[in-house]
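Two complexes come next, and they have one chain in common, chain A, joined by chain B in the first and chain C in the second.
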Partner chain A sequence: MARRVTPARKATVTAAAWALGLLIFFPILWTILTSFKSEGDAVAIPPKFLFFDWTLENYAVVNQRSDYLLHFWNSVVISFGSTFAGLLIAIPAAWAMAFVPGRKTKDVLMWMLSTKMMPSVGVLVPIYLLFRNTGLLDTRIGLVIILTLIDLPIIVWMLYTYFKEIPGEILEAARMDGAGLRDEIIHVLTPMAVPGIASTLLLNVILAWNEAFWTLNLTAAKAAPLTAFIASYSSPEGLFYAKLSAASTMAIAPILILGWFSQKQLVRGLTFGAVK
Partner chain B sequence: MTSTLRALLGACAVAGLATVASAETTITVATVNNGDMIRMQGLMSDFYAKHPDIKVNWVTLEENVLRQKVTTDIATKGGQYDVMTIGTYEVPIWGKQGWLLSLDDLPADYDVNDLLPAIRGGLTVDGHLYASPFYGESSMVMYRTDLMKKAGLEMPEKPTWDFIRKAADAMTDKAAGIYGVCLRGKAGWGENMAFLTAMSNSFGASWFDMKWQPQFNGDAWKKTINFYVDMMKADGPPGASNNGFNENLALFQQGKCGMWIDATVAASFVSDPKASKVANDVGFALAPDNGLGKRGNWLWAWSLAIPAGTKHADAAKTFIDWATSKDYLKLVASKEGWANVPPGTRKSLYENPEYAKIPFAKMTLDSINSADPTHPTVNPVPYVGVQFVAIPEFQGIGNDVGQQFSAALAGTETVDQALAKAQELTTRAMTKAGYIK
Partner chain C sequence: MATQHSRSAARLMISPAVLLLLGWMIVPLAMTVWFSFLNYNLLQPGPRTFAGFSNYYYFLTDPAFFTAIWNTLVLVLGVLAITTVGGVLLALLLDQPMWGQGIVRILVIAPFFVMPTVSALVWKNMFMNPVNGIFAWIAEALGLQPFDFLSQAPLFSIILIVAWQWLPFATLILLTALQSLDSEQMEAAEMDGASALARFFYITIPHLTRSITVVILIQTIFLLGVFAEILVTTNGGPGTASTNLTYLVYGQSLLQYDVGGGSAGGIVAVILANIVAIFLMRMIGKNLEN
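Take a look at the complex of A and B:
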């Protein structure tokens, strides 16, 4: 039986949700506000919230100094490329583990996760040497490969949990109707798991978009994505917070907008299977 | 051979030669994000006019990100960069490893003897110059002339630490939000440890003795850290253990600091009326001393070097020659004024009467000249470097010791505890690295 919700209670809960939402969003809001300030206003004590001389100067400087479109395009290719490549490998892998588990499936899953526990910098030099010898340094394809490999455990794990929620009987029925393995995965399993796959895709695009260790260390001038674009505006000796904020805002804007538009998919995918 | 074939071969040869003649060499330059470097990127048309056959790709990054990237690249001979911007910490280590090409054969008009001796010394290993300085900096005292006058004091050109303490006490007015002295407290080898290592030199302290034994258990370090913590507790801003260069710059520009001892490059920021509320009331003095023959100032030079793995050594040298030449200084002066010329590298700049009119020019030069990276301390030491020890292990050890001193400033540890821990962890790290047998 549903609980009776009084208007007062509803208002309180709504206010609390808004407050929490604003609290989480505040760092982004502050970055966006700072990007419209002069460098002096950006460090003013006490901080200026809304009442300052709004200026677009920082955006003009950033656009003049950097090739935003090049970095943006690199980010798009790297994040979507690595996510699609990851899904291609992970969907069959997760299918196998969810529907035809073996004795060691759980161990394999744990082992995959354990590869995420090693600090990236521990393998920087070997990977760098491999990349140097294969000519992959500062190439988009090199970054797509490395990010695919890094995010693969997470993609497999997410898909595995979604696939587990799908009754195996449906797949059995498809098999009895004469569907082969390929048809089973492409025409039966995938359409049913679309919300899960979509949220996995979105989450991984976001992860790859924000990845700032490999994308910084394996690139120089040609394949550098937006993480390098932001890093070029940070400085320990000089107050460039307003310009840094403008660069950050430009770097997060595309993924923020993508996140807003796909909010429904994300929420549906992340809570998929939670309620039975 | 038929005449047609011969003609074709001839045409191919000519075409081949033409391709070679017009071949463009592209070099990649890795650099830090600071005003002088960004300005150079805006002045590249002059370089392209003189060298149309060389194209320059820029990779600009935050200092610590850059350091990690270029270190990985040079250690693995990755060859991603043809010119690297590195500092006086890297040059002695990398030069010794054979990771850098020597710059001994730059053209005569580069005039290597015109480089400031202190800076040149910091970039030379076994008699070979391994990097060409782009801009040099030291540290000095920046102070509020109005507050000093109000306190009834006059800043000497060469103050002592005792005077700094006296002035800090007199200028502090916490009710009005004015703190007598702002100093670095944020942990890090390039943050609080740059300041404290340079300060400790003037107290007669050093990181190691001639046998590489850490010296934090000695009296000189105890005096240094006690003086620093006592003064900051009495006259420093709240939360000072989180303050680095940028935080103190913001405080000083807002009029919250009476004195600030930090990089000479800050002089142009604090006296810029567009950014600083106190631009017209700033004076400069040498970093303080204790009469022991060493001042508490450091020495750093962002310099251009060529990694040994480059395939474009000639083009890289041409670029470095242009970027660090006397002509480049004149070019900046003609386009952006003398105040924006990269400071601290050449004697001729300081002999120029136009440049001498800049208020902080003389103090910058005097500060650089009073630092000696090859003899940084009162007692002899086995290392070079004023505010650092030029060994590969220093970044790690410096960060760990920095945490201890930052904790002492925050009050979560006593000075004695911090020094004991610093001694212990440095001894451990140096034993592991094989310095202590």
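Take a look at the complex of A and C:
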């Protein structure tokens, strides 16, 4: 039963919520607007909000000058590569823990969570030296390996909470109907597991896309994803606000859109299933 | 009902994940421990000699270490305070009936999806810059002196940037939790004449305790490792005014090439993180059982 509210109250709440929402969103909006300005308009005081000469020049310049596409592609390869590798390892594990739980399953899950608490900086030196000695420094494959390992606990946990919700009775029912193990997996379990796997994939692509400790420390020009590419704008080049904004907008737009689709999964994934 | 057969199959399915994580935990960590006892600098050729505890001694007695510990603490607690209090208030507001709730939610969540290097640079240049930034313009419009955020109050500015990134996360989780609150209980309390404040403290807050714990735990893990925001805004400075533990160890190892000293710092960071982790895991364990 929904509670009745007066229109006046609803209007007040709406105004307050929209004002706060726009305030929080403003830096992103401002970045997007600035990306369409000339450099002169970008630093104009008082700031120009909507009335300026809209231009696409910055996007063209960023694309020409800095191999933007290479860095974009690096981000795609690293985030999707590490997520697929993580899923490949985690699906069987989460599956077994959800459907054939043993006495130690809970402990294993907690232990996996605890590996997430090790600060990355504690292993920075050996990883850096190992990468240097094996030629993995500034390679995409090196980053895929690292990100797979650091995201593995979250992937296992997330899948586990989804698989846990698939009722065991459905398997018994299928078995009674004469389904073999193969039929069981293909026709009963897989369709029920796909949504969970898809959400896990989405969230982990987002996390990997934005990861900014290992990507900054282990890459240079060749394998740098967008996180590291944007960081290069912290030099005086960053004073070109319009170009910085264009590069930033292109870096965050794809993930912003993916992220809006994954709101619900985000809560479950990042809280290790503790809040749904 | 699980048979012996399915049990061993399950073990086989779990083992790749467990072995990989075990390797990831043990191998690099053991190497860090080993390096931390050596005189080992990439810039100095020659044999690496055993250093005993001297790397630890130098790291722990460096004044920068205490500054970094203090900064780490201020950064984590500052961001936690802003995001949990702000998150509760924002979630309460967003839970009310309104027009366009879905869109407001999307606006509020957006900063969480912005990569750290982008948000740090946008704030640094377009908002906090003392000449061209929006804050400078607002200050001048009000007749005030523009404030140079990143050199006058570097740590505070970084807290602001990081809090902006994490406020959406806290809000989203607390909002999800609020939506599972039993509305009948609320109505009963209202009919019994409980004031809005009483309802908030006796019904809403107890209901949110678990989610707040989760928010604090998860944010702490990530906030202890804040790095990119510092790297692109202040480089830890001026001096060491905005250096946290992560950034200090990074500087020691990859800027000064002091493998031994950096490793000792890394081990110190691991020990401190573990103390926090034990404390938090216990707290969350207690909360999750209820």
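Please note the rule applied: the second predicted complex is superposed on the first by the 181 of 276 C-alpha atoms of A that agree within 3 Å, B and C clash if a C-alpha of one lies under 4 Å from a C-alpha of the other, contacts with A are read in each partner's own complex, and residues count from 1 in each chain.
By our rule, a contact is a pair of C-beta atoms (placed from the backbone, for glycine too) under 8 Å apart; a residue touches a chain by one contact, two chains touch by 3 or more.
Quick caveat: nothing in here was measured; it's all calculated off a predicted structure.
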Which of chain B and chain C A:S234 touches, first, second, both or neither: both
Which superposed partner A:A221 touches (first chain B, second chain C, both, neither): first
Chain B versus chain C as contact partner of A:W30, first or second or both or neither: second
Which superposed partner A:G40 touches (first chain B, second chain C, both, neither): first
Residue contacts with chain A in the superposition, chain B compared against chain C: C
First (chain B), second (chain C), both or neither touched by A:L129: both
First (chain B), second (chain C), both or neither touched by A:D138: first
Touching partner for A:L70 - first (chain B), second (chain C), both, neither: neither
Residues on chain A lying within both footprints (that of chain B and that of chain C): 43, 45, 124-125, 128-129, 216-217, 228, 231, 233-234, 238-239
Footprint of chain C on chain A - complex, ascending: 1-3, 5, 10, 13-14, 16-18, 20-22, 24-25, 27-28, 30-31, 34, 43, 45-47, 89-90, 92-93, 95-97, 99-100, 102, 108, 110, 112-130, 149, 152-153, 156, 206, 209-210, 212-213, 216-217, 226-228, 230-231, 233-234, 238-239, 241, 244-245, 248, 251-252, 255-256, 258-260, 263-264, 266-267, 270-271, 274-276
Touching residues (chain side chain A, partner chain B) in the complex: 39-40, 43-45, 65, 124-125, 128-129, 132, 137-138, 216-217, 220-221, 224, 228, 231-240
Chain A-touching residues of chain C, taken from the complex the two chains share: 2, 6-7, 9-11, 13-14, 16-18, 20-21, 24-25, 27-29, 31-32, 35, 90, 93-94, 96-101, 103-119, 121-127, 132, 134, 136-137, 140-141, 164, 167-169, 172-173, 176-177, 183, 187, 210-211, 214, 218, 221, 224-225, 227-228, 231-233, 245-246, 249-250, 253-254, 259, 262-263, 265-267, 269-270, 273-274, 276-277, 281, 284, 288
Residue ranges of chain B in contact with chain A within the complex: 28, 30, 32-35, 38, 41, 57-65, 68-69, 72-73, 75-81, 190-191, 244-246, 249-251, 253-254, 256, 263, 265, 269, 274-275
